[in-house]
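The two complexes that follow have subunit A in common; it is paired with subunit B in the first and with subunit C in the second.
Coming up: the complex of A and B.
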């Protein structure tokens, strides 16, 4: 069972999943970084992204990847609206409790989830494409095509994000706001607009990831929950304000989950994520980044 | 004792007596009895949850873990031959012990991080219980003995649970313990520096509320005669408690009572559309409450009372606002936004 062959293939499968995990969690990281808000409705938008992609494939026979891309704009708009109408009210006032934004977004998630239940019911949905069951043999390992595609697309998206954050004005303004909102204001950045943008971007990424998810998993309106917790585990592991850390956190979680299945029942897999979450929050809240800087100093 | 508190307790006693009289006045009404039993259990849990969530300000999304533990403790002891009533306190104790175990590390986290951690703990418990099928019956649940007392008996037991929970919460509210909890909610560091033993108080609140919820779980198990991890450990159950307390009014004692009553009526009434429609309604209600009336229904009621007495006396509102000061209204937070642990040396 523990042959090198086996271990390597588990590791590869984990890394392929990590790509998707990273995209899914990036939105959460951006929103948290900019406004210190934990967007628990991220899971709701993830699920909506999956369902909208389902609709696209049912109405127009659109491939899930195309569907995921199609989701970007409307979800960006939705996130922008959510910020303008709801989040802004509980975040900026000096007397706002941090828990208020959490509860607000939680309420939003409840609403989204139940509206989805009302529209689509609670049966398992999945999208079968021409390549769902195909795999590629690379170097003696069988890699499912869907996972490869999702990984490639995720990598592309992450690279694009990295470029935008690093080399465009908006990206730099965003990172500045993350570092120090007041200083950003002083240098003339409209932090209000950046916040709205960040929320929109985070939600867009959630919708995008949701679309990609349809290639790998079947889904119901309830499936957002575990992913939400996993996303949060990932950003805590990576260091809450560290964007590069998201990919590291995603890799750690994916590897931990995949290797754990070798030792325990598959149905206990989510407990790994939850356990890691609690441990990470308590033991290393600054995530891997904190560990890294401690090693360096 | 504050006059407003005395009034509150008198009102609560009156309501309690009225409710106790119901099965005597309308005997044999199964639907009413069932509604009463479940509502009282939710009232008890909501009020208990509020001790940590409303008074101390630590919003936990994982109370189903205590409910489930209580339910399973009772179930297993009952199957082993114990008399059900004797198991209730044990169920409470088991839940309390577990709450100490998970609470000690997690209560060191501030606000939102604590909440997220509790989601993880609650869900982890559910999955673990589902997988420990030798003990818990796993996915098929546990069937319990069918020789049970009458529904009327359960009605009174549930009412007593609610009464006990209410009494405990009211006592805490009026005692220094309660003041300490409010203090640590408003500003943890300031409370610490003033000598409030915040860690002790937090954990104590956690234990007490967990014990109450656990005992309710035990009652629930004997009432339903069946336990299954997906029902007693469900995230939906945890959410329900949060919703009841938030919508009823965080930080008041009778807020959750109102919240639970309304929650149950709404759930019962909307059950026909589809199973979790009431959650949609409550989600929307929660949205509105966070945005416009953080004090929940209790806060709203308080404001109305103040308005009415203002209008009738024509003078600036000097009306007693017994619940207004801790109605869960946004308070300035001076602590930094750093996640993770709060250092309380």
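Coming up: the complex of A and C.
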């Protein structure tokens, strides 16, 4: 039943999905890299990003892409505040165990979810634009316009992020803190400020991704949970603290999910994400980055 | 002296509740009806519709001074708890309604999976339970005696869809043989649907050919890989059995991928107000099998639709109408029994013939397994301008011709 054309079509669709997966996972990777904190509340901010984009659309008829960009600043501020008011107290406390931050952020996710429920109710919401149902035919392949836009915007955002991380003082300080927080402190980097910045940046990316997701999905206050699992798989596949690995992890997951449906029931699609997570944790805990360095050596 | 005063005040404070209890009015006799619904979570929207339908039916009775049971008239208290669309929580909350709240009777939850979680409790405590939110026949195969369902089965939904397709193939000159891509949620609901489709295909191998038969996860987040397979199958007909959240996600992605089929049906989805708002013009021309629609011209349906619009400022869907009917059937069963005794009300429900129901045909009676007898379905098509038209059965006066094959580029 599957011709070469079909297989190429599946591969293209998977790569377009990978762009979205990468942008929603980067925030998690940055926060984990700097603080070794698993930000479970990321799903809450992702959902909030979608609802804020809906609000901009209703108030000012703003396009979801512009809404996603507009989310960056307030979500950065929100993340900064969450770090200063809550996370810092748990992470920096000597008596606190690692589970404390996990529970704190899980509770925060539930609070965000319930506040959203009180404001917007439990019904499915969606944004329909003039191009929501449009598609382009490129080289004989039909490509949904929304997926192309999300992919292009995600790629642009990730390129910008790579530039900031690689070529600015803040980016270098952030990477130094990821590699060795003690050494970073010794060379004069304000790791406390970097941590707040990382949390703000991670939250901003969640809000941004949430805005982009409105182009593809309808959403409720429960939105975000299923994507969170995928993000965990991606950052584990990518090597947890390896930002470039996130992109590779996203591509692996998207390709595996798409091609697996050709050979197994689509109802088992989640098994792919769970399965990859288990395999990555056991076989290559350092992710693709570790695998790559092994191959090279 | 001050100490004496303190003691006196304390004694008085303790005595007041005692005095009030012994000399006050006796507790008003009432009927307590409990329901556990998904007011939040994946099925939150549908759960809230059920709450509205139940409340409307109970309000009717209370406004009339209560329910006549034997010689006495009882006011009714409706207690609704939220299970957050979680099966385990749903079951324990139903038990809590029985043991802590001492409800006399139970109304069902929504959807099939949550009704299945709840249905263990009623027989345990011999409390009649009437539901209108679970239609999988599996619910009624477990031998429970206290469960009654007002929804016709999903198996019948698939059969009537295929019956209609048989007629439509000739009437609208669809490309024959009809090649069908069918996807179904991996639950008892979905299994009922695919069984109905496959039985119909077996009966007419000259007309139908299945080119894709795939299951998917309930409450899925991304159906793109599945839809890639649908596209590759080159079918002329696309059938999907999906609940409201999955329908919205799947059909949005279907349209984004530029898919087209001559005939598209998502089971009972399409005409839902929520789905239409979420999909806009994308929901136009879909075909659905329904238990009720505001397009039904019966006097009862029109009165209900008008009243609902006045109270909730929205157009009702089958959720509200069926939950309204479900609560009315339970109340009629209690009235017929003439007692609040669980087993007696159960027996009254088993032989009830409830007339003036909103569903097509207007009569609700139960089969030996507790599920509604017959298959009161109508086929409808959604049209531009938030219009829903009945297209089948042909014998109904409000039936119109369908727009088939589906127009392209909508």
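Basically, the second predicted complex is superposed on the first by the 293 of 297 C-alpha atoms of A that agree within 3 Å, B and C clash if a C-alpha of one lies under 4 Å from a C-alpha of the other, contacts with A are read in each partner's own complex, and residues count from 1 in each chain.
Quick note on the criterion: a contact is a pair of C-beta atoms (placed from the backbone, for glycine too) under 8 Å apart; a residue touches a chain by one contact, two chains touch by 3 or more.
What you see is a predicted model; the values in this text were computed from it and never measured.
With subunit A as the common reference, the superposed partners subunit B and subunit C clash.
Look at A:217: by the touch rule set out above, it reaches subunit C but stays clear of subunit B.
Of the two partner chains, subunit B is the only one touched by A:232; subunit C is not. In the superposition on chain A, contact of A:117 is made with both subunit B and subunit C. Of the two partner chains placed by the overlay, subunit B and subunit C both lie in contact with A:270. Of the two partner chains placed around the shared chain by superposition, neither subunit B nor subunit C is touched by A:247. By the touch criterion defined above, A:285 lies against subunit B but remains apart from subunit C after alignment on the C-alpha atoms of chain A.
Of the two partner chains, subunit C is the only one touched by A:257; subunit B is not. When the shared chain is aligned, no partner comes close enough to touch A:25: not subunit B, not subunit C. When the two complexes are superposed via chain A, 81-89 is the only one of 45-53, 81-89, 297-305 or 315-323 in subunit C with C-alpha atoms clashing against subunit B. Across the two superposed structures, the residue set of subunit A contacted by subunit B and also by subunit C is 117, 226, 265, 267-268, 270. In the complex of the two chains, the subunit A residues touching subunit B come out as 36, 38, 40, 86, 89-90, 93-104, 106-111, 113-115, 117-118, 225-226, 229, 232-233, 236, 240, 265, 267-268, 270-271, 273-275, 277-278, 281-282, 285-286.
In the complex of the two chains, the subunit A residues touching subunit C come out as 1-3, 6, 9-10, 13-14, 17, 117, 121-126, 128, 132-133, 135, 142, 144-147, 216-218, 220-222, 226-227, 257-258, 260-262, 265-270.
Residue ranges of subunit B in contact with subunit A, taken from their complex: 57, 59, 105-106, 108-113, 115-117, 119-121, 123-124, 127-128, 130-131, 235, 239, 246, 274, 276-277, 279-280, 282-284, 286-287, 290-291, 294, 330-333, 337-341. Note for the complex: subunit C touches subunit A at residues 39-42, 44-45, 47-48, 183, 185-186, 211, 214-217, 220-226, 228-229, 231-233, 244-245, 248-249, 252-253, 255-258, 274-275, 277-280, 282.
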